[in-house]
Every structure is written in C-alpha cells, then in structure tokens.
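Structures given as structure tokens follow.
Common to both upcoming complexes is subunit A, partnered first by subunit B, then by subunit C.
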Partner chain A sequence: MLSHPRDPALLPRLGWTLVLLALLAPTFVYTHFNPALLLQPETLGTLGHFVAGFFPPAHEAGFLLEVARETITTLAVATAGLGMALFLGAPLAFVTTRALDLPMSAEARRHPLARGLRPILRGLMIGLRGVPEIVWALLFVRAVGLGSLPAVLALGLAYGGMLGKVYAEILESQPDGPTRALTAQGAGRIQVFFWGLWPQALPELVSYTVYRWECAIRASAVMGFVGAGGIGQLLDTSIKMMNGSEVSTLLLVFLLLVIGTEAISALARRGLESRYGSGVLAAAVATAIGASLAWLWPAWAAAGADLKALWPFAASFFPPEMGAAIWGDLARGTLETLAISILGTTLAFAGGGLLALPASGRFGMPAKAATRLLLNALRGVPDLLWAALAVLALGLGPAAGVLALALHTTGVLGRLFAETLENAPPLPEQALLAAGAGRAAAFGHGVLPEVIVQWLAYTLYRWENNIRIAAVLGIVGAGGLGQQLYLALSLFQEKTAATVIVAMLLLSWLAEETSRHTRLRLAH
Partner chain B sequence: MSLAFHDAGLTLQGKPVLSGLNFRLDDGAQVALIGPSGAGKTSLLMLANTLARPTQGTVEPLGQNPWRLRPGPLAALRARIGTVYQTPPLPARQRVVNAVAAGRLASQSVWGSLLALLRPHDPVGVSEALTRVDLADRIWDRCDRLSGGQRQRVGIARVLYQAPRLMLADEPVSALDPRLAEDTVRLLSADARARGATLMMSLHSVDLALAYFPRIIGLRAGRVAFDLPRAAVTSELIAQLYAGEETAPAPALEPGPSALPRSAQC
Partner chain C sequence: MSFAKKTFAAAVMLAAASVALAEEAVLRVSAIPDEAPTELQRKFAPLGSYLEKELGMKVQFVPVTDYAAVVTALTSDKIDMAWLGGFTYVQAKERGKVVPLVQREEDTKFTSKYIGSVAAGINSLKDLKGKSFAFGSASSTSGHLMPRYFLQKQNIKPETYFKNVAYSGAHDATVAWVASGKVEGGALNASVWDKLVEAGKVDATKVKVIGTTPTFYDYNWTVRGSLDAKLQKKITAAFLKLDPKNPEHQQILELQRATRFVGTKPENYKGIEAAAREAGLLK
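Our next item is the complex of A and B:
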C-alpha cells in the first residue's frame, strides 16, 4: 500500500494566508475603501461631468502664458533643488563612504574627529531623507512664506540626504582593485578617490543623478499643493474649481514634461560615452543651475524671504507635544496610514500582475504597446496628484488615498513585473506547452514559480515607499498622518506637528525592518 | 634588508590562510613564489605590500613595520613598494596614460594630481614605460578598450614607471601567451636588476620560475614547504608541492531576489 504523507508545507501556507487575510480585512474598515462607491451614479455623474470638461483642453492665451511661466518655474525649482542636493550630498558621500577605508596602521587610522563625525553625518542623512520632500516644503512654506524658495530648500535637503547615501553605496559597489592598488603605493584619500574610483563610478553616479532630476521634476510639479509654486499651484486651483479643461491642459503639459525629461536624461547618459561628453555635461549642468537660479531669483528678492526666521521657527517645534490628548489622534492616523499603504499596495500587486501579462508581450504587440502606455501614464502621474484627483471621485478621506496609491503603484509594479516575465527563462513553460498543458496551466507551473518571489520582493520594497507616501497623502485630504500634520501646521501647533513627524519616521522605519525580515524569509 | 617575515601568519574569518612564515630577502634579491592554487601566494604578497595586516608575527618591507607608522611615513613607504596584480587594477574608462602615470601619485601634491587627470603629467615618461611592454601606440586609449593581456601589460608598465625598491608581482603573466609571458618575466627581472631593486614574483609556471629566478620559495597550505636556491629544487620536491587533490572552489550561493532598481524608487 502506498502511504500518503501530508505535505509539510501545507500548514505554514495556510497560516500565512490567514495572517494576510487578517491583515487585509481591517484595512477595508479603516480606510472605508469600497470599490462599489466608484460605480455609484452620483460619483460617476460628478466624474463624468469633470472628465467631459477635459475636451477641449483650455487654450486661452492668458492661461497658456501662465502655464508656460509655471512650467519653467517647475523645471527651475527641480534643477536648483538638485543643485543644492549635489552640494550637500556629494561631500557627505565622500566623507561617509566605506569605499575609501583601506588597511592602515592603528596610528594612521582616521582622525578621531572624522571617526566621531561619521555616525553623526549618517544620522543627519537619515533624518534629511526620512522626512518626505513635500513635508519639508510644507514646513518651509510656514517658515519663509509661499513661493518657490521653500520648494528648492525642500528638494535640496531631502534629495541631499538621498544622494549622500546612494552615492556612498555606488562608490562601495565598485571593484576595489584600483583603490587598493593606489593605496598600496602610497596615494592619499583624495587621490585614490579621483584616480581609482571616479573614472569607473562616473557613469553610475551620473545616471543616478539624472534619474533623481527626473524625480525632482515630478516632486516639484506637486509642490504647488502646499503653496510652494510651480505648475502644481495651477493644478491645485483648477482641481478645486473642478475646471476640467484646465486640468486636462495641465495634465498634458505635465506628461510632456515627464517625457521630455526622460529624453534629456537618456541623452545625458549617452553623451557621457562620447569623447568630450563629461566636459559638455558638466558645463550643461552648471549652466542649467545658474539659469534656474536667475529665473527664480526676482521672485525671491521681491518676497524678501528672511532665512533668519528659520531658527526661531525650528525652535518652536521643541519639545514635541507628548500630552495625553494627542495619542488617540496619533494612533488613529498611524493605523489609517498603515491601512492605506497595505491595501493600496495589495491592490497594486494584483493590478500590476494582471497588466504585466499583456505588457510583457504575451498577447501580441498591439496589446503590449497599449498596456505599456497605460502603465507609463499610471506611473508618470505622481501619487500626490492621483490623490488630489481621487479626492474628487471618492471625497475627502483615506479611501482616496488607497485609490491613489493603487493607481500609481500599479504603474510601477506592472512595469517591473513585465520585465521579470521577459527575463524569465522560457524553457520550462515551453516544455509544458509541448507536453500539452493549457496556456494558463503552463504559465502557472512554468513561469509563476520562477517570478513570484521577485514579485513579492518588489512589492515589499514598494510598500516601504508607499508607507511614506501614505503618510503625506493627507496633505491633499486623502487621510492618514498627513492630514493631522497639515491640520497642526495650519493651527500653528508646531509641537504637535513635531510629534506627527516623529511618528511618520518611526512608522517608516518599522516598515523597512518588517519588509527586510520578510524579504529574508522569502529568499530562503 | 628588503623584505622580512618574522613568524608571520594571517587568519581570515577564523581560518588560517598563512602561518609560521619566516624568510628574508636581501637588497636586489630575486625570488619566485610557487605552489598550488589556494596555497596563499596572493595573501603572502598582500602582506608584503601592506594591504593585509598579519594576524601573527610581523612583516617588514624595506626594514619598516608599516603597522607602526603614522600616515605620512606610511605613504612614503608604500610609494617605494610596487605591485603587479593578477587582475590589473585599472578603473574602467580611465585612459592608459593616466593608468600608468598613477604609479607615481604618491610623490605628487593633491592638486597637481587632480590637474593631471585633465592634462596628463609626464606623457614622455609614461610612453617610455609603455614602449617597454610594447604598448606605446595605445597610450591615449581607454583601458576598457584593451584586451586582457594588454591590460595586464599596462599594469606592468605602471610598476615600471613607479620604479619601486621592492617589486612584488602576483602571477603577472597569467593572461599572456607563452612567448610574451617569457619576455615579460625577463623584462621585470632585468628592470629590477638594473635598478638594484628586490623582486618577488608568484608564478603558475614552474618552468618560468626555474628559468629566471635564482631562489625559489614553495608554498603549500599556507606554509613554506621549501626555500631553496634553484639548483636544489628537484622534480621530486615539485611533485610533492603540487601533490594531492585539486580543491574545487565552493559553489556560488543562489542569489536572493534583487532589490528595487534605482529607477523605480520615486
């Protein structure tokens, strides 16, 4: 008699499924997310009316002129902000990277000051990039007033911390043969950097910087939602006025901007390979930053922002509010943020997985091109902008946040999933098809096991991102901690705002740890 | 004294890599280091060029203990030690002229060396060094456009240009065809002899070692198996040195899922 031993994986699988369901069920409650709401006649009516207004896009000369001006401001803010981030991040990376730590005698090791300084600088960078740029912008608007200056400062600080960390990592990931050889023949730290590390790391550094500039443009385009100038300010007004034709013009301009910057950044990456490419690129960057500052300066001078006001403003956040009254609100906001991020990401996992099939070319070229276009549009519109639009459809509250996260993240994950599908080895599936399996069965048994762990890992990484975003969506009224932050700052309760920011940082740290542990489990 | 090992040993992650090394090289000595793969030849050379710190005993290149020196004197000592690496340490995209000129970085000011990245410093001297490895025509090329053998010769030209007192070479001819390999060993040996410098070279080929080096050190399992003048090295000794099973390298670990590409982070 054959015995039928029980599958040892059965119970753990059942357990994890239950855990996931137990996590997912309350998220619907906390976010009041109800897909059926989207299909209700009155929602559809409002939306239909709004979308019908999209055609034709607004094209009065006065409006277009304003759009042009704000578009240039958006570009200038992104460029100047990235310039500031470079000035901040590059030295931070040079000092904190481990790539230049090479064998030395005990006496010759780093200066004690540098040794003590490094952990402090690393901590500073964590703080700088931990607070989302839109929150920095919100704070600077309160401190130095409306306009583009807060946007530049916000991008400079947040991206400065990010560039510092990523540059250091890029340097550490280079082959260490050249740096070790130069050290072994007596070259100093600066020499080792420029002669051994710089030549090989340059392409990756440039490509990441250019990519950050694309991010900066998207971020700069939504800074207007907190009063920090640019095209976002116009979008904010037009959305609040439910002016469909203006919104459609602005969205078109925005998508053109995103496509244009992608083209420019591709050009920059390729230019680096040519003979005088790096020289031309450096000159172009310097010119762009100079021109941006020249464009922004008149408004800053006219506003007469007083940077000295920053200190008393910063001081007003201390000590953070710890009174009993705040804890209830804080707990509710945290749970809501958590729920938005989990539900939004889960929906995006499903959406991304479904769209990845046609996007990887499984249903022919036309379907592939069309899905790619859809994914790019979903991804190209920043989450905050999706949230502003979702608030129109679902009303104020966390449900709009869920929808916004789901839409944007579907675009991101769909593209990544499609890439893993394209890179998966074709043989297992072909063998199953040749053995007579149906298409779905062949996919499920031949492809899915190959890609699913990577899909889950991507989703977890993206969830880390999303929890940060979920924490700020409240700025446009889409629930979570951001709503409380916005309220506290509007009421000049800086100490309460400080507590909310600390809660955001803790939550995002907690998410990173959870995700890291889960990914480690997945890998085994 | 050009290089002295006193009871030196190296333990990495709890595993002894080298132990009980005791030998000295006089000024102008020429020594070949042979032994099976995994015997510790590279580690020994890295102890000698100050990239690795001995975990037992001391290693004194050029009569100084590098691990007791302050940064200035340490850099000065390192400037007088030159190493040819098995994998030439050339950054991709760097031009050959700078890859060779890097041999004398330690004697330049920081600003001088930064300017030299834009306008190479001593193209004549560099081109002389390249002529000796037969690569003078590639001086303005980028290193990543050279073949493996050419890259290895650029690494050799760098050390020739550095003109160190103590010259270390870790299988410097592994990527060269036999003819070129022989020429190159002869070149390094003649260069060291002409300058009165000391040369220690690890070699895969026992024939090359016996043909060009008066003294041979045989290394096996991290210990010196023999340290003899060439005439005393018998084929029996060689057979013992290489006897036993080939140790296969450990299989690479299955990589986990990859991280989010940087282009999907905002």
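Our next item is the complex of A and C:
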C-alpha cells in the first residue's frame, strides 16, 4: 500500500509529484485537453457507433481490390523512396564522413572539397532530415500534384538526409586500423573506402537501411492524409465518412503490412550472415526497386507530372513572410505545439510506467503477454493515424493531438520501461521484502531508484521526437503549427508557409538542445 | 535485374499507350471536394453522360480530394474543366488563364448559414463568444471566406473571438461536428444545409440555424484558357440548353441543385476577390 506508515520518502515524493502536476496546468489550458470529454454520452455514442461498425470488416470485392492496389502502392512508394534516399545518402556520406580523412595530413584538410563543400553538404543534410517527411509530402503535393510521386520524393529527401548522416557516423565508428594501414600505403579515398571500411561496416549499414525501410513503410502508409496516395488515402476518406467497417479492414491490412515488413527485414539481416547472402540481398533490393518503379510509373506518366514546376514553386517561398500580422498566429501555434508535446509525453510517462509493471512480468505470464500485445498495438499505429482517430473522439483541435501522442508514446515508453525493469538488479527489492517492507515500499525504494534516471532519459528522448510530431499533427486537424502550415499551403501563401516551417525547425532544434542538457545533468 | 528491366520496359510501353489514349478527344473534368467523394461522383454521373452526347466526345471525371489541387490541376492544364467555388475561381485566375463559363441561377445570390449546437444553448453569434467554431475547408467560399468576411464586418475576428477555430474539410462534415457536440458553432453552404434538411440528415434537436449571410456570387464551371474556343462555346450551349421541363434534364438539374444554368463572367467575382483580400486570405 502506498500509505505504508514506514515509508519515509512518501511525503516528499508526493509533494514533488504535485508540484510537477501544477506546472503542467498551463498545458491543459492551451490544449483544451479534457479527459472527461471522452466519457461524455455524446462522445461515447459517436465512438460506440463508429467502433460497432468495425464488425464485420468491409469485404466487398471492389473495396478489397482497391485496398490491395493501394497496399502495393504503399509498399512500392516506401521501396522506391528508400531507393532514392540511398542514391542521395550514400554519396553524401562518402563525401562528408570523417572516417576517411583521419590519418590524412594537413594537406588533405586544405583541400577545397574538405573546407568549402563539406559544411554546406552537412547543412543540406540537416535541412533535409529536419523537415518531417509528411511536410515534404505536403509540399510536393502542391508542387507536382496529387498521387504517389510526391510521397516518393518526400521519403527520398527526408530519408536521404538521415541515411547520409547515419552512414557517415557508422563509418566513423569502425576501428581505424585498416584505414590507417591503407593510407600509409598511399591508397586513395575510394580505395581506402572499399578495402578498409566497406567490409567491416557492411552489416551495420545494411541493418540500419533495413530499419529505415520499415519506418518508410509506416510513413508511406500515412502519406495519403495529405493526398499522396497509398492506403492512407483510403483511411483518410473512410475516417472522414466515419465508415467503421472500412476503417477496420484498413487497420487490419496496415498491421499485417507492419508485421510482414518486420519478418522480411529479419530475413534480410540473417541473409548477410551466409556467404552468398549479400549477393542475393543486393539483387533482391535492385529487383524490388525496379518493380516498385514499374508499378508506380503508369500513374506518374498519366498524371503528366512535370518536375520543372518544382523550381518556380520553390522560388515562391522566398523571402519568408515577416510581416507583423504573422507573429501572433505563430506564437499561438508554437505554444500549442509545445503544450501538446509536453502534456502528451507526460501522460505517456504515467501510462508507460503503469503498463510496464505487468509488461515486465511482475503479475505473471498471462498479464505480461496481454500487456505486451497492447503496447505493440499502441506503438504499431503511427501518431498521425492516432491523431486522425482522436479527432473523432475529441473533435478538431489540439486536444486530439494530446490524446494521439499519449497513446502512441505510451506504447513506445511502456516497452522500454518494461525492459529497464527486467534488467534492474533484483537484490535491493528482495532484501527490502525479506526485511518486511510492503510491496509498494519495496518497489519504491528497491527498484524505482535503479530505473528512474533511465526512464526519464527515455522520456526526454521521446519528447524531442514528439515536439516534431506535435508540429505536424495539425495536418489532420489536431492543432499546433501543422494546422497553420496546412492553411497557408491551401491558400497558396507560400511565403507564410516558409515562416511556419522555419518556426518548426527552430522549435525542434530548441527541444533537442534542452533535452540534451537535461539528460547530461540527469546523468551526473 | 533482367526481370526488373523487363517490367520497367513493359511499364514504359504501358505509359506510352496511356498517353496515346489521352490524346483522343477526352474532356477531363473535376470538382472541388466540397462534399464526400462518393456524393460528388453520384452528382456528376448523369451530367457527364449528357455532356458526352452534346459535345460528341468522351467526358472523364477526375476525382480530386483537395481544393488547392483542383486549382493547380486546372491552371497547369492537367484538367480541362472544373466546378469551382467563387474563391477557388479567384485563386485560379490569379495563377493562370481560366475562363468562367456558366453557373447555376442560385449561384448569383448565394448565402451561407451560421449554425449552433442546441445542447450548448447557442442562439446567436453572441452566444458563441469563447466557444469553439468550425469552418468547412479553408479554401471554401461559402464554408470559410464569406462567413469569415461577414463576421469581420461585425467586428468579430474568429481567431480571438472563438476559443478554437477548426476546419472540418467539407460542408456535411461541419454539420456532423456541431451535431455531435465536438464544436459549438459552425458555418456552411446554405444549399448543402437545405439538402441535408430535406434528406432528413439534420437532427433539429441538436443543430439549429443562428444566422444567414448577405448574398454573394459563388460556384461556376470554369475551363482552362487554352481550351479550344469552339469547344468552350459548345460546353456553354450544352449547359444553357438544360430545361427543367424536360424530365431527363430535370434529373440532372436536381442533382446539381439548380433551377437552370446562366452565363457568368469574371466581373461577377470582383466582390469575392475584394472580400478575400480584406479577410487576409488573398495576398
């Protein structure tokens, strides 16, 4: 029991929790988040009606055919997008990685390539991956029209920036013996790369690429919310029309897709271990990218998308709007975004902590299996999809964003928290129990101190991520800066959109810095 | 690899074939998605086959899920004709050469309705102060621009007057949001409101009309400026010929919610353009 008389730390801990809750009060005001609304009879009526429609899932032949077609498109978009990202990211990594100039002399550093070009390319990569893929998709939909082409371009650019950075870091983390030896022999940059780095870095490079492909599939499945094709487009329509049976079919297909992808990527990772595995893998990747392009091409050709339209479109964003009228809107959007991310993450911290107890096996195996399943489902549905569903429950506005972030992040944190619990040394708790402490006190003094720093660090990481997501949830009607971006782009006010994007980038950079500093302080 | 090459080659041929098909005389028509996509298709079907007969060419309806995408498609010649709102017409005119041909007689004196939630006790715009409010799509004339413009005429700036301003995306969605209590008030196209009431899709115990705007010019059928002038004339003639006394025509007019079609001209939309500039939606 919490009120165990012999728990000396109970009062101060409760006190601090209350102080933190008081600090959260403004976020409730800015997001209009009111959990009681979820239990109102009207809400329950709407939701009940909607969910009751889930059974049986829609299965008319025509609809299923459309679902099948759009599912293939979703897969093809993810694969082609990743192909484009590879094309962009690999050369960027090769040029910008420090792994290849480690042993080089001052002469190499004076090379104009190293001095001038690299900072520019690094800046380019930060820009590419700093803008969320759904924002890229929204921009490309405006530039080249609706369809799957904008989705591929969006994934290609955003993931290209990520691959470039992470590949460079993977190369830098390899032992530098072979590189030094080869450089000493007078080998050039390309030779050093292929003989000194490539063989040892390959498994890690492949593993990360495969992971990105899984992410790309989830991202590609929600691109339809901005009109960029795939099953997201069907989901968007079905949710707007409140057609429960179609939504349940689509959710099922989506979950199957995610499970299928995980199986394929496990296979790919294993493939590397055998002798001919990497050859087979390379051939499979090339075929998959070719087949994806072949599947998508007819629609692109029919739409007659001309990429020349991109340049005047890009130019229309400059200079960003700086007029007095925009600052009030921007400040409101920024505060809303901040409040959504803070409240959503805090709720997820509480939810994740509670669910981690059964998920770590503290209440027996059946409870563990059931909670893990729940956590996987919460995590498996992307935030944007949660937001579209939350809008049904809480209405358009920031409150839906809070609920969406809280649900998705609970899934993520619950699993991580459970793992931390399982890895915590069991002895302190056992000793307390043996000494006659109650279960709650034993947990609070034997386990919590072991895990809390790790839990907070995970939560801060997630918050960093969530602030980026909170900034885009408005695209499906869940408040924040995203709504302003969507409005500006709908009204052909590109210069205003440019300012909103800059605000998003600044906010995400500030969050990163704040979180990094706090984590450093936590560690000490 | 060779499999990939083969499929790629096949795809290129397929694409070439589809381009060749597109060069046959086809009129590509679209509409702003101011109602559910299925409803738009249902409304267009008989009008489409009527136009096919009158023009002697294939008419293809291209469904588009986004207002701004219809404007872009028309001004970049990807579609030939579109059903636009007054505001989307002005946006298209700003971005390229387009010609408005005809409109429904009703569009010359269009209005919007302000609606409120019965449960929240909303009887006037005053009751909505500090409450949440839903427009339709941000690009909508009767669901956003004009209701916003006429609010501003009464010194109501939505972003500060209401607690929360949301965009439902479509007129029927706005009614659904107010009826379910998710927002306390909203604004929509008067014609869609009447249609929903007639079809019994509005629960009078949940939603009520709390105001109507003054009249303005709204929807029209617009073609891209580069479309053959003779074809433009034929299209106009086909629309003007629709006669409510002819039962077959009557069905088309009824689905379009029109008594008849009349010609229209760019000057009709000067008022909309001025309102858009004043409301800050056009820069």
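Just so we're on the same page, the second predicted complex is superposed on the first by the 496 of 524 C-alpha atoms of A that agree within 3 Å, B and C clash if a C-alpha of one lies under 4 Å from a C-alpha of the other, contacts with A are read in each partner's own complex, and residues count from 1 in each chain.
FYI, a residue touches a chain if its C-beta (ideal position, glycine included) is under 8 Å from a C-beta of that chain, and two chains touch if they have at least 3 such contacts.
Fair warning: this is a prediction, and the values are worked out from it, not measured in the lab.
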Side-by-side fit of subunit B and subunit C on subunit A, or clash: fit
Partner chain in contact with A:Arg372 - subunit B first, subunit C second, else both or neither: neither
Touched partner set for A:Tyr208, first subunit B, second subunit C, both or neither: first
Partner chain(s) touched by A:Val412 [first = subunit B, second = subunit C, both, neither]: first
First, second, both or neither for A:Ala184, with subunit B first and subunit C second: first
Touching partner for A:Ala457 - first (subunit B), second (subunit C), both, neither: first
Partner chain(s) touched by A:Ala283 [first = subunit B, second = subunit C, both, neither]: second
Touching partner for A:Arg468 - first (subunit B), second (subunit C), both, neither: neither
Touched partner set for A:Lys165, first subunit B, second subunit C, both or neither: neither
Lowest inter-chain C-alpha distance for subunit C and subunit B in the superposed arrangement, angstrom: 19
Set of subunit A residues, in rising order, touched by both subunit B and subunit C: none
Residues on subunit C engaged by subunit A in the complex (per definition of touch): 1, 3-5, 7-8, 10-12, 14-16, 18-19, 22, 36-38, 64-69, 71-73, 76, 78, 91, 94-95, 119, 132, 134, 137-139, 159, 163-164, 166-170, 173, 176-177, 180-183, 280-283
Subunit A-touching residues of subunit B, taken from the complex the two chains share: 49-53, 66-71, 74-83, 85, 87-94, 98, 102-103, 105-106, 108, 110, 113-114, 117, 162, 164, 256-266
Subunit A to subunit C touching residues, read off their complex: 32, 40, 42-43, 46, 141-142, 145-146, 227, 233, 236-237, 240-242, 283, 286-287, 289-291, 293-295, 297-298, 300-304, 306, 309, 325, 329, 332, 394-398, 477, 483, 486-487, 489-493
Footprint of subunit B on subunit A - complex, ascending: 102-108, 166, 174, 177-178, 180-188, 190-191, 194-200, 202-203, 208, 211-212, 214-215, 218-219, 412, 415-416, 453-454, 456-458, 461-462, 465, 519-520, 522-523
